[in-house]
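I've put the structures underneath this note.
Paired with chain B in one complex and with chain C in the other, chain A is shared by the two complexes that follow.
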Partner chain A sequence: MARTRERIVRWLFLAPAIVYIVAFFCYPVVYNVRMGVTRYTVTSFYTGEAPFVGLANYLSVARDALLDTAFINTAIFTVGSIVPQFSIGLALAVFFQRHFPLNRTLRALLLLPWLLPLVVAGTVYRWILDQDYGVVNQVLLQLHVISEPVPWLTSPGWALASVIIANIWAGIPFNLVVLYSGLEGIPRTLYEAAAVDGARAWRQFWHITLPLLRPVSAIALMLGLIYTIKVFDIIMILTNGGPADSTQTLATWAYFLSFIDLSFGKGAAVGNILILITLVFAAFYLRSARAAFR
Partner chain B sequence: MFTWTRRSAALAAAACLATSVVACGGGGGGGGDALVLSELDPYTEKLDGQITANILDRCGKRAGVTVDRQAVPGTEIVPQVLRQASSRSLPSLLLLDNLYVQQIAETGALTPLDSYGFKDTDSYYESAISAGTYKNKLYGLPTAVDTLALYYNKEMFSKAGLSPPKDWTELTEAAQKLSGGSRYGIAFSAVANEEGTFQFLPFFWGAGAELTKPNSPEAVKAVDLWTKLVQGKAASRSVLNWTQADVTDQFIAGNAAMMVNGPWALAELKEQKDVEYGVVPIPAPDGGKATVPLGGEVWVIPATDDEQQQKAWQVLQCMNEPKNMLEWGEKTAHLPATPEVAEQMSDPVMRSFADALPETRPRTDPLGPRYPDASKALWTALQAAITGQATPEEALANAQ
Partner chain C sequence: MTLIAVLIVAFLLFPLYWMVNASLQAGSALLRTPPAWLPMESTLQGYRDALATQGSHLLTSLIVSLGTVALTLAVAAPAAYALAQLRLSGSLTIIFALLLAQMVPNIVMANSLYSIFNRLGLLDSYPGLILADSTTAVPFAILVLRAFMLSIPSELGEAARVDGAGHWRTFIRVIVPVSRNGLIAAGLFAFLFAWSDFLFALTMTTSDEIQPVTLSIYQFLGSHTSNWNSVMATAVFASIPAAILLAVAQRYVSAGLTGGAVKD
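Presenting the complex of A and B:
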């Protein structure tokens, strides 16, 4: 009897979390998966009727020339954002390990981009990168680095790079914080021993810092990947997916299909592809997190 | 077995608790003595919102209802309406971009206005009525409409010894001549959404092109005009990203000598005392006025219940009384939807906009609910051509 009671209590503690996950996580995902196999139009919202069409949405999405663009852009955007974010974040984390005046103040300042809503950051970047009046072009022109203003946001060749630059800036603080706390966990004595053995800073970094930071790095990279692959706001504000679809990623394309074209079935199909990709990386994340906390 | 039932009972109890909380949170609103009439419109801006709210309040009082007004940005209104449609919680009165009326009417969520005994279609601009009509039934009625014209900076024009352009050759020449330094000759919006197509239609239709045949030589000619303006540096490449509000800002800042824009820009322009501007119709290629698209929102009455619908109709009738129509139009810089009221406007610039209204054409003519697809194809082609990814011919061939 006592055991039963204990079990009930245990379940009661779990219940709120289960209800929350089912209502706000499972239900939308299941709904989205179902939407992906129906022809869900404007009318479906009112009548509640959406004819089952099997894989037709996926097929028409696959035939769309934009799928390749969106896939390639998503890949470039994700890798192009994460690698510099991580490297710069790591460099800064190592740097802030040293003791110097204003260390804490500077570290706090570097966290600011994280606190700034992406909508605000995006708008500011739109001004900075403006072709005619933006500060970046003005400075580069004055320094004679360029002879013509660079069309950062208005040329298909530059737009993706510009969006990536803004996103790198926004993602550095996250990497800095995670990696900094990882560095704090490495015993000082190892460095002292290495120093006694005659290892210089660079060797210490390669042979102590990097290997011991691996579990934390894996977490930072995996979370970064999951966050970056679905980035939406910064792209929408800076380029609206353009010009000429040159910054369209899976996330923005799903939005355009659903809310501009009002083809909710196709939008859901693209959304589901995105969910699937994220799930794969989430599995990797869980594995590396388990390794880190063991 | 015993444990299992107890366990699932506890789970069920917890689930019920959670759902009842949600149910409580979802309800609410309403209450009070007078009937509450919910209303939704896209006037989120403070000034416009206040004016709309005032007139709605007045009209609500007269109909014996309290109007519960809500505003969401124009781009959010369709998703919002769709959510409300699926949960059967549509507002009783809804102000919707005329572009979406036919799509929403197709779902059966709207009531035809003749069911309230409305027959007075003749006093409205013809295109305003046809924009609100789906399958020969009128679903939407505007209080105000708008359209596009060419604004020009009087000072820059007189300094260069130019007069406002009357055909495309003059337009291109003036734009070229007035460009230089940090200034461009003309500003417009070629952004990758409906705004871009809306701004382009005067040129597209002006050249004689039709949305049913987007790759005609006339269409190529129109795309070519915009492409050459940008590539000849008479317009900034940033037109690819500019919304119409950005275009207004550029014009006010003196960064553009001309702009394509609607009457709503006047609200902002009037606050700038040092910008002297004039407004002329957008020219057709060989002179004369181009056909311009009809913009603006229309009131629709969603199917709720009979009492709500009747009251909503009373409020709508009151909104469209000449006095209220004029007040709303003048204060928010939109054009009254009947010629009779439009003529009473005190601002001569507003009246010159109103002069163009008989030539307007609804965007949904002739494609109806299929217009959004054509519009998307058009703005996509425009972006491809202006960025130089494709020639105007190639870009439009893909728009088929």
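Presenting the complex of A and C:
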């Protein structure tokens, strides 16, 4: 009797969290899956009725030419963001392994871009990449790298690249921090032994750093993927998905379908596709992170 | 070495310098070429405009963020204690559920919460925004706090229990005070998440009544992009919580980044 009571008391500490998970994650996700198979429009909000339409939303989304655009853009955006973020983050992490004055302070300052609201990052890049008055064009013109201002955010050819640049900037700190803590975990003695054997810095990097950093790299890359696929704020602030849908990703398209076209069923369908993609990477992530939570 | 590092940091933080630089100049001065590298003719006009037009939105953001902190800590602290110290059999399942919950794209949450909140009358309300924002903060806070509470020796709680304190008293009298730093860190992050939120601000409000600053910047950018100095001044205001977090809770940031998946 006392033991049962004891167990109930212990579970009571978890109860609010469990109720919360069910109410604010399980229920909305299930709700979204259900919305995906109904014709959910503005009238549904008033009448509370949304007719079941089977896979009609998915078929209509699949027939839409924007699906290909959104898919390709999401892929380019994700890979184009993650590879440079990871490489630059790793280079910086290796660099900051050295001991020098102010190391800690400078490293902390580098976190700032990650902690800022993405809306702020986007706003700043709007200004920096402004075609007429932006500092990037002015400097490039001065240096004669370009002969006329580049329409960074207003031409379909440049917009996606510009959005990616801003997103790389915002994501470097995350990779730096994760990879830095990974590097800290590699025993110094390995490097000392390698140095005694005459291995140069570059060989040490390839044969010690990279292999031993694999588990942490996997976590950084997987979390990076999962976070980047759903990036919304920075694209909306910089280009609103335009010009001519050239920066439309699955996340922004889902928004436009639901909240601008008011076809919540179709928006839900695109959102569910996004969940499926996320789940695939989540499985990889949970496998690599499992050890950390034991 | 330090010089190279300073140059790297200066290069990477240049956009932020450029934001401050623009916020301190007159609107007309920003439309000159070449640009002023230093705000020599500085003016606080941009900040005055920002406060006059964006002040109420900053206040809205503050209310929503504080509400999110309160809700998040109320749910997360007991849960983290249970997961870290009470050795419950389902702990690992719940941790995995939290990791998965963190990954659900916000746009999916917005899509279904909009409809759910519409029925509950929570659109265009502070509680609605607080609840929506808390969905990013709660799983994260539980994981970070759990990682923090794992380092509390279990003897501490057991000693209190031997003295006759129940679980609840032990939690309030022993665990909460000992975890003060962790609670502050988790709270600061919850604040930052809510403060930075844009998607829920965009979707959970349909009128101008309750409009966080992120949303008002977005609408500002859409309507008149020529007032760059006041836009940048608003952006500076919106950056303040991040700067504070960095100054006071820097060492928790790395643990927080991955929700405790990578130990610092």
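By our rule, the second predicted complex is superposed on the first by the 276 of 294 C-alpha atoms of A that agree within 3 Å, B and C clash if a C-alpha of one lies under 4 Å from a C-alpha of the other, contacts with A are read in each partner's own complex, and residues count from 1 in each chain.
In this section, a contact is a pair of C-beta atoms (placed from the backbone, for glycine too) under 8 Å apart; a residue touches a chain by one contact, two chains touch by 3 or more.
The structure displayed is predicted, hence computed values, not measured ones.
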Superposed partners chain B and chain C on chain A - clash or fit: clash
Chain B versus chain C as contact partner of A:Gly48, first or second or both or neither: both
First, second, both or neither for A:Ser81, with chain B first and chain C second: neither
Dominant contact partner of chain A by residue count, chain C or chain B: C
Touched partner set for A:Trp11, first chain B, second chain C, both or neither: both
Partner chain(s) touched by A:Leu106 [first = chain B, second = chain C, both, neither]: second
First, second, both or neither for A:Thr239, with chain B first and chain C second: first
First, second, both or neither for A:Phe259, with chain B first and chain C second: both
Which superposed partner A:Tyr40 touches (first chain B, second chain C, both, neither): second
Partner chain in contact with A:Asn167 - chain B first, chain C second, else both or neither: neither
Touched partner set for A:Tyr133, first chain B, second chain C, both or neither: both
Clash-bearing segment of chain C relative to chain B, given 114-122, 132-140 or 168-176: 114-122
Shared chain A contacts, counted only where both chain B and chain C touch the same residue: 11, 16, 18, 45, 48, 126, 132-133, 240, 259
In the complex with chain A, residue positions of chain B that touch it: 2-3, 6-7, 10-11, 14-15, 18, 22, 78-79, 82-83, 85-86, 103-104, 106-109, 182, 184, 191-193, 236-238, 240-241, 255, 372-373, 376, 380, 383-384, 386-387, 389
For the chain C and chain A complex, residues of the former touching the latter: 1-2, 4-6, 8-9, 12-13, 15-16, 18-19, 22, 30-31, 33-35, 74-76, 78-79, 81-83, 86, 88, 92, 94-101, 103-116, 118-119, 131, 134-135, 138-139, 142, 166-168, 171, 192, 195-196, 198-199, 202-203, 214, 217-218, 221-222, 225, 228, 231-232, 235, 238-239, 242-243, 245-246, 250, 253-254, 257-258, 260-264
Residues of chain A defined as touching chain B within the complex: 4, 7-8, 11-12, 15-16, 18-19, 23, 42-43, 45-48, 126, 130-133, 151, 153-156, 239-246, 259-262
Chain C-facing residues of chain A, complex: 9-11, 13-14, 16-18, 20-21, 24-25, 27-29, 31-32, 35, 40, 44-45, 48, 92, 95-96, 98, 100-103, 106, 108-121, 123-128, 132-133, 135, 138, 142, 169, 172, 174, 177-178, 180-182, 216, 219, 223, 226, 229-230, 232-233, 236-237, 240, 251, 254-255, 258-259, 264, 267-268, 271-272, 274-275, 278, 282, 285-286, 289, 292-294
